[in-house]
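Each of the next two complexes has chain A plus one more chain, namely chain B in the first and chain C in the second.
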Partner chain A sequence: MSATDEKAPAASIANLTVALTRDGVRAEVLRGVDLKIQRGEIVGLVGESGSGKSVLALALMGLLPSSSRPETTGTITIAGTDMIDGSAEQIRAVRRHELGVIFQDPMTSLNPTMRVGRQITEATGDKAESLRLMSAVGIQDAALRFTVYPHELSGGLRQRIMAAIASAGRPSLIIADEPTTALDVTVQAQVLDLLRQLRDEFGCSVVLITHDLAVAAQIADRIAVLYAGRIAELGPADVVLREPTHPYTVGLLNSRLALDTPRDTVLQTLRPETATVAERMRGCAYSSRCPLADDTCRAQQPPLLAVDGSGAVDGSEHVRACWRDAATVRELALTRSDAPRILVSGSSTESAAPAVVVEGVHQRFVVRSGGRKREVHALRGIDLTIGAGEAVSIVGESGSGKSTLLRAIAGLVPVTSGRVDVARGGAQMVFQDAGSSLTPWLSVGEILGERLLPLRLGKTETAARVTTALEAIGLPASVSRVRPADLSGGQRQRVALARATMIPPAVLLCDEPTSALDASLAASVLNLIRGMREELSMTVLFVTHDLSVARLMGDRVVVMTEGRIVEDGTADQVIHHPEHPYTRSLLASVPEIEAVR
Partner chain B sequence: MSADLTARRFGVPQVTIARFAGRRLNLALVGLLIVVTLVALFARVLAPDNPVQPIGALNLPLGSEGHLLGTDGIGRDILSRTLIGIQTSWFSALVVVASGLVIGGIIGVAAGVSGGWLDNLLMRLTDLFLALPGTLVAIALVAALGFGLQNTLIGIAIVWWPYYARIIRGEARAMAARPHVEAARLAGISRTRVVFRHILPGVVPTAIVTASLDIGNVVILLAGLSFLGLGQAAPAPELGADTARNLQQLLTQWWVPVVPGLAVLLLSLVANLGGDAIRNLLAGRR
Partner chain C sequence: MTRFLLRRTGSAVVLVLVLTAVVFVLQAVSPGDPVKAYLGNNASPAAIAAQRQALGLNDPLPVQYFHYIVHALQGNLGMSLRTRRPVMADLHDFLPATVELVAVAFVLALLLGSLYAVSGSLRWPGGAFFRGPLLVLATAPPFLLALGGIILFYAQLQVLPAAGRGVDSTGPSGFVLIDSILGGDATEFVAGVQHLVLPAVILSIAPSISIGRILRSSLDSTLASDYVRTARSKGLRPIVVLGKHVVRNSLGPGLSMAGLQLGFMFAGVVVVEQVFSWPGIGNYLAASIPTSDFPAIAGVTLVLGIIYIVANALVDVLQALADPRLNA
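Up next, the complex of A and B:
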């Protein structure tokens, strides 16, 4: 560690503006960001996709991709080095001695052809130090694990290896870019703990980049909320979460799904973006989505000022960029749920035939890895009956067999043994990744029209049905002419939903349809599914790893682990009075924000 | 983005020349493919003289009046012979590549989409052909079928498809495993329609790139076979044969063997650059 002034911040960003060219379009991704990261503090950088948070991380590392021709003004100073105009040699020295990085997906950021021990030693230069670091990040049997390849480790362990590499050479700043997004909740909690430990033990600062306020709330000392390349609000974590003073922070908090979100009302969402890029750049970028926006907001960009009105910004207090006064925004946070009610429990009648019957289902796969055959017993005797009109959620972590069960019910894979019956009308499915579940070279109209082929309708009637289906999911008819690549993630998932429901199926299977979406978008897709369910009195089977989503989407919640159902009960029973220890450990790992309400 | 970052971190060079040069250069290179095809198409119109009739003095040098590229050992116009040679080589290469694409495409898609025993059967058959030394088998086939351009093309086509079958099978398999194919199956779409609407269009870009990069190989193989005396029968012009027959003049009248040889080089270069350009253009769209 360099012997610079101990009081100097670990990193300081002043008036940073970054313009990048992506897909031939030039845009200002960061617009005047000021942020000082003090020594030994954890700063949570929160924003939706496109807010510029990852670009900020790249800029901090001096790694803006030259292929997108970055143009940077302002300064970034780390350990006395200018990370923008410094020589490549200086910047590399800072990266080597002062910075550590943890990326979202350790599988792609670790070198698959190198033993993990060697990768750590590349950073430490010394095997003994590597082993010490491996134990420090909580890897048991470090000597044994030293010689394995990344693919032989679980996701959580891989992320620990990344953490060991990041903390090699005692960096003064660790940048963690969505370090837990690809992990299960129980592992997520461990990795967050690890980040805090690293800070406590090494005294380094941590920049934690995440789209999830609750993740930041777990360990951050301060939270910076980023919107459209500017800091919307910045302050001590508990203050920002309890007394948000920016309408966007309020919106994020309100649209976040928690274990105590009311089940019987429509979920709160942010308003969709309606302004053009030029309009957003003129005034407050959030103005078109803000319920409090007035003419000032649309015309002028609000400056970042201290909430208490002192004007000066020295980096420690609560600041925000909003024209409306803090009290008005606070009221917005408190006015909750005059939201319309929604049907919760399905019209499941005992006498009606069940929509899905699964009896004694086993599923075995043979996996070949490097010439060795290994049998995976994905489902180990599943019995599940879903009544017509019922909504059931299946919760489990990766590898629990929940997706396999869904695919077995869909009939996409034949089961090894047991019985799967689906009522007349069959099953339709909404996939996790809407983008890859829509054929990329067909237009939306063609994709939806194909679903109607069995009905042998004429051209005009098909077009009319497609338009109706698009209206039902809140998209204009003109969408039928574009290809899936031209739509946003949320719109694609809507189209996938339209395809699945335009001829109502006996059961709608949802395989984590919202896990790749920002909180507010996810909430709007969930609203849509719940609305359709009410309207069509559809049977829904919803698979998720997120307990709060499971509780909202299912009258019944089924918990799966290692190919077995370990708990099955009404939503509130499972969430509030869990019986199985596994359910309890899942519940304990869910990151929650202490209520603002 | 993180993959991108890792690559940078470990110092892997990111900017290839083609990517750096951008779209305009790629389009120009594809244009070159079209120009060559047009030249081949109108070779008979463009050729100033009859390629097989001796019409001038022997061994005229480059730039002679009326014979821009000179004349050969029996007084035939080299420019005319080369143009007609380009026509023969280019269209022969296109025919071979097209046959490989069709045969290999059918076998590859059938194997990739079906999986299971049919996949195994077709791919073992492909392996069998791949294991044979292609050029030698082609020569043997020509010997069996009789000499001549047509038989040479048939011989090459018979050994040429396995390469395509392999690549297209892999691509079709990857496409068939994508969620959009499962979604289509769930939507109740018939098997044939799934193959033709949801799998095949995804295979086409790879197939086109593979084929365009392969044209150069066939041009060189054909020239090589003619060099050995197989292929187009004399006196019809053929680039490889013209190079071979006139090789003894290399030290005295170098242009007589070198001009047709350069034409072979030019054709395979244009084919490869054009293929690269098509790949770059398609990669940007996916």
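Up next, the complex of A and C:
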């Protein structure tokens, strides 16, 4: 730690505005952000994709990508150094001595061709210190692991290596940008513990950037909610979570899926964005989506003021940027919207033949890495019967074999041994990454029309069917002329869903269709699948790593680990009375926001 | 790593065997009679029959193939119909000149290609003034460049010679540059360089663009990668980030392309050697083709093929060294 005043904040951001130019379009990504990060505190920076949270992280490090021609006004001061106008030499010294960073994906964030020990030593400058840090971040047999390459480590260990690099040189501030998003829940809990431990042991501050309020809730002292490049609400974590005073925070909390989200109602979502960029620049950026917005909200940008009305802002109190009074917003939080009930169980028809029968399925792959061949036994004797009209969720962590099972049912890979039967009508699949599963050079209309080819409908009839299918997923008919790249992530996933269900399949297979989406968007896609299921009495097999999603999407929940099914029961049984120790450990790792609402 | 090396060597050996089979068939179906090449056109029929028997030409084809391989391994590639000397002796005379030319051109191609890639990726000011002309030159066919080069540097400016290697190399290595250094002969070295410059530069231009463009696109994607961002966030100096994190991870595609281009350069050297009267196998080959000198053609094919296979095997090994994931 540098010899600056002990009471000075670890980092202070004042009136920071950043404009980036991407694809020839200049946009203000951050607009007048004020934030002081005190010494030794953990600040959770929460926002949806596009809120500017990652740009803030890059700005803090002075690493805004020069390719997007950043224009910055305002100030960022870390250890007395101006991170915007300081010399390259000074900024680099701050990065070296005062800052540590942990990025989202530890696989891509570590140099694949350099031994991890060397990558740590680049930051520490000393092998003994690197080994000490490796032990400090919980890496066992540090001396052995020192000489391996990143691809030889698990995701959790890789993120610990990143943590060791980040804590090199006793930084005064660690910036963690979605450090757990790419990891399994059990590993996520460990990494969050590690961040708290780094703060406790080294006394450094932590900026934890996340899209998940519950993740921030685990370890943050203060939470800042970012919306469209501005701070919407900022305050002590328990206050912001328990007494949110900004409608956006309330919306985020309500649309978050948890283990106690009601199963029999439509999931709450935020209103979709309807305003143009210009309209959003004029008043409160959230006004077009806010259920409480009035004319003032649409006309003037609200200032960031203390909730208790004391006026002065020194950084520690609860502040928000909203014209409506706090009491009204509190009411919004308490009144759960009168969501219509939907039918989620009992549609299974016992008498009909099962939609999917899987018997004694084994799946082995030979993985060739360089000279050596290694056999992966992905499925080890799976028996699963899914009745017609049933909704089943499969939960497991990466490597559990859940996606392999889904692919086997879809017939995408031949199984090594055993039997897979799918009823007439076949299986259709919706993948995690809708962006890459839609052919980029075809228009949405062509992608959907392709599915109708075997029916030989003719041009007009096909076009009519495409329009109906788009209506069913809540998109206007004009979307059929658009290419996938011009759609948002949520819209793309809707199109993928339309493609799969245009001709109703015997079973709809969903492979983590919402894990890449923001909470509210994910909820709306889940609503769509549940609605379709009800309407078409379709059989749905839903694969996810998220227990709360599994509970919502399946009457039955199947837990898989290491290629085996270890638990299979009704959703309530599995969530509330888990029998297998693995299910219990999964449940214990799910981040929850306690006693809110 | 040893497993990888063994596997790669194994596949290279198989490739060479396939190549010899092709070359053997080429010889077997060739119209020239190797016996007459040995004995001359005036030999008696009895002598020819005896020689055929002695050379094993009456044996079944597989047996002949086996003998061909055994002979090739012993350095016997048959007699040239045109020069009436063993093909091996001809190759020994002509190959060093070509290898020297291609080696220098290849090093030049690597340098120009790297400069092209780095100046583009790092947006060096003025880099476009280098890349533009290089691109324009690469669009012209080599013979045109060669003629233009001779007109400009030999006829007009009179700074470079137009033909030959400048010396009758009789030194131990067969390479002018190496022999002159070994012999401590500065004049000969300078003459060697002067004669090499023009053909080598012309031979290197097209490959340098191929290597440079591939290398540039992989540099660009590496510079944008997450781990380079991590390296920067450590506060490393830009030159350290470049040297330790960017370059090594960008080499793979460039190396593959370099291996391919080396093979193409040996094939393309024929034209350049013709224009510059370079006493190498390109010229030898060009003289052998009109006279249907199949043993000579087959010999050159075999040697070039082996060089190509060895070069690409080497590239694979270098790639494995650069990227530990390839031999995990």
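Quick notes on this structure:
Heads up, the rule we're going with is that the second predicted complex is superposed on the first by the 595 of 597 C-alpha atoms of A that agree within 3 Å, B and C clash if a C-alpha of one lies under 4 Å from a C-alpha of the other, contacts with A are read in each partner's own complex, and residues count from 1 in each chain.
Going forward, a contact is a pair of C-beta atoms (placed from the backbone, for glycine too) under 8 Å apart; a residue touches a chain by one contact, two chains touch by 3 or more.
Predicted model, so just to flag it, every value in this text is computed and none were measured.
On the superposed chain A, the two partners chain B and chain C do not both fit; they clash.
Look at A:231: by the touch rule set out above, it reaches neither chain B nor chain C.
Of the two partner chains, neither chain B nor chain C is touched by A:361.
When the two structures are aligned on the shared chain, A:94 is found in touch with chain C, with no touch to chain B. Applying the stated contact rule after C-alpha superposition, one finds that A:105 touches each of chain B and chain C. Touch criterion not met for A:297: it reaches neither chain B nor chain C.
By the touch criterion defined above, A:123 lies against chain C but remains apart from chain B after alignment on the C-alpha atoms of chain A. When both complexes are overlaid on chain A, the residue A:63 reaches chain B and chain C alike.
Clashing C-alpha atoms between chain B and chain C appear in just one of the listed stretches 56-64, 182-190 or 218-226, and that stretch is 218-226.
On chain A, the patch touched by chain B and the patch touched by chain C overlap at residues 63, 67, 103, 105, 108-109, 111. Listing the residues of chain A that touch chain C in their complex gives 61, 63, 67, 92-97, 99, 101, 103, 105, 108-114, 122-123, 149, 151-152, 162, 165, 168, 369-372. On the chain C side of its complex with chain A, the touching residues are 3-4, 7, 224-227, 229-237, 244-245, 248-249, 320, 322-328. Those residues of chain A that touch chain B in the shared complex are 54, 58, 63, 65-67, 103-105, 108-109, 111, 177, 410-412, 426-429, 431, 433, 436-442, 450-451, 453-454, 496, 499.
Interface residues of chain B facing chain A in the complex, by the touch rule stated above, are 1-6, 8-10, 14-15, 19, 178-180, 182-189, 193, 197-198, 201-202, 286.
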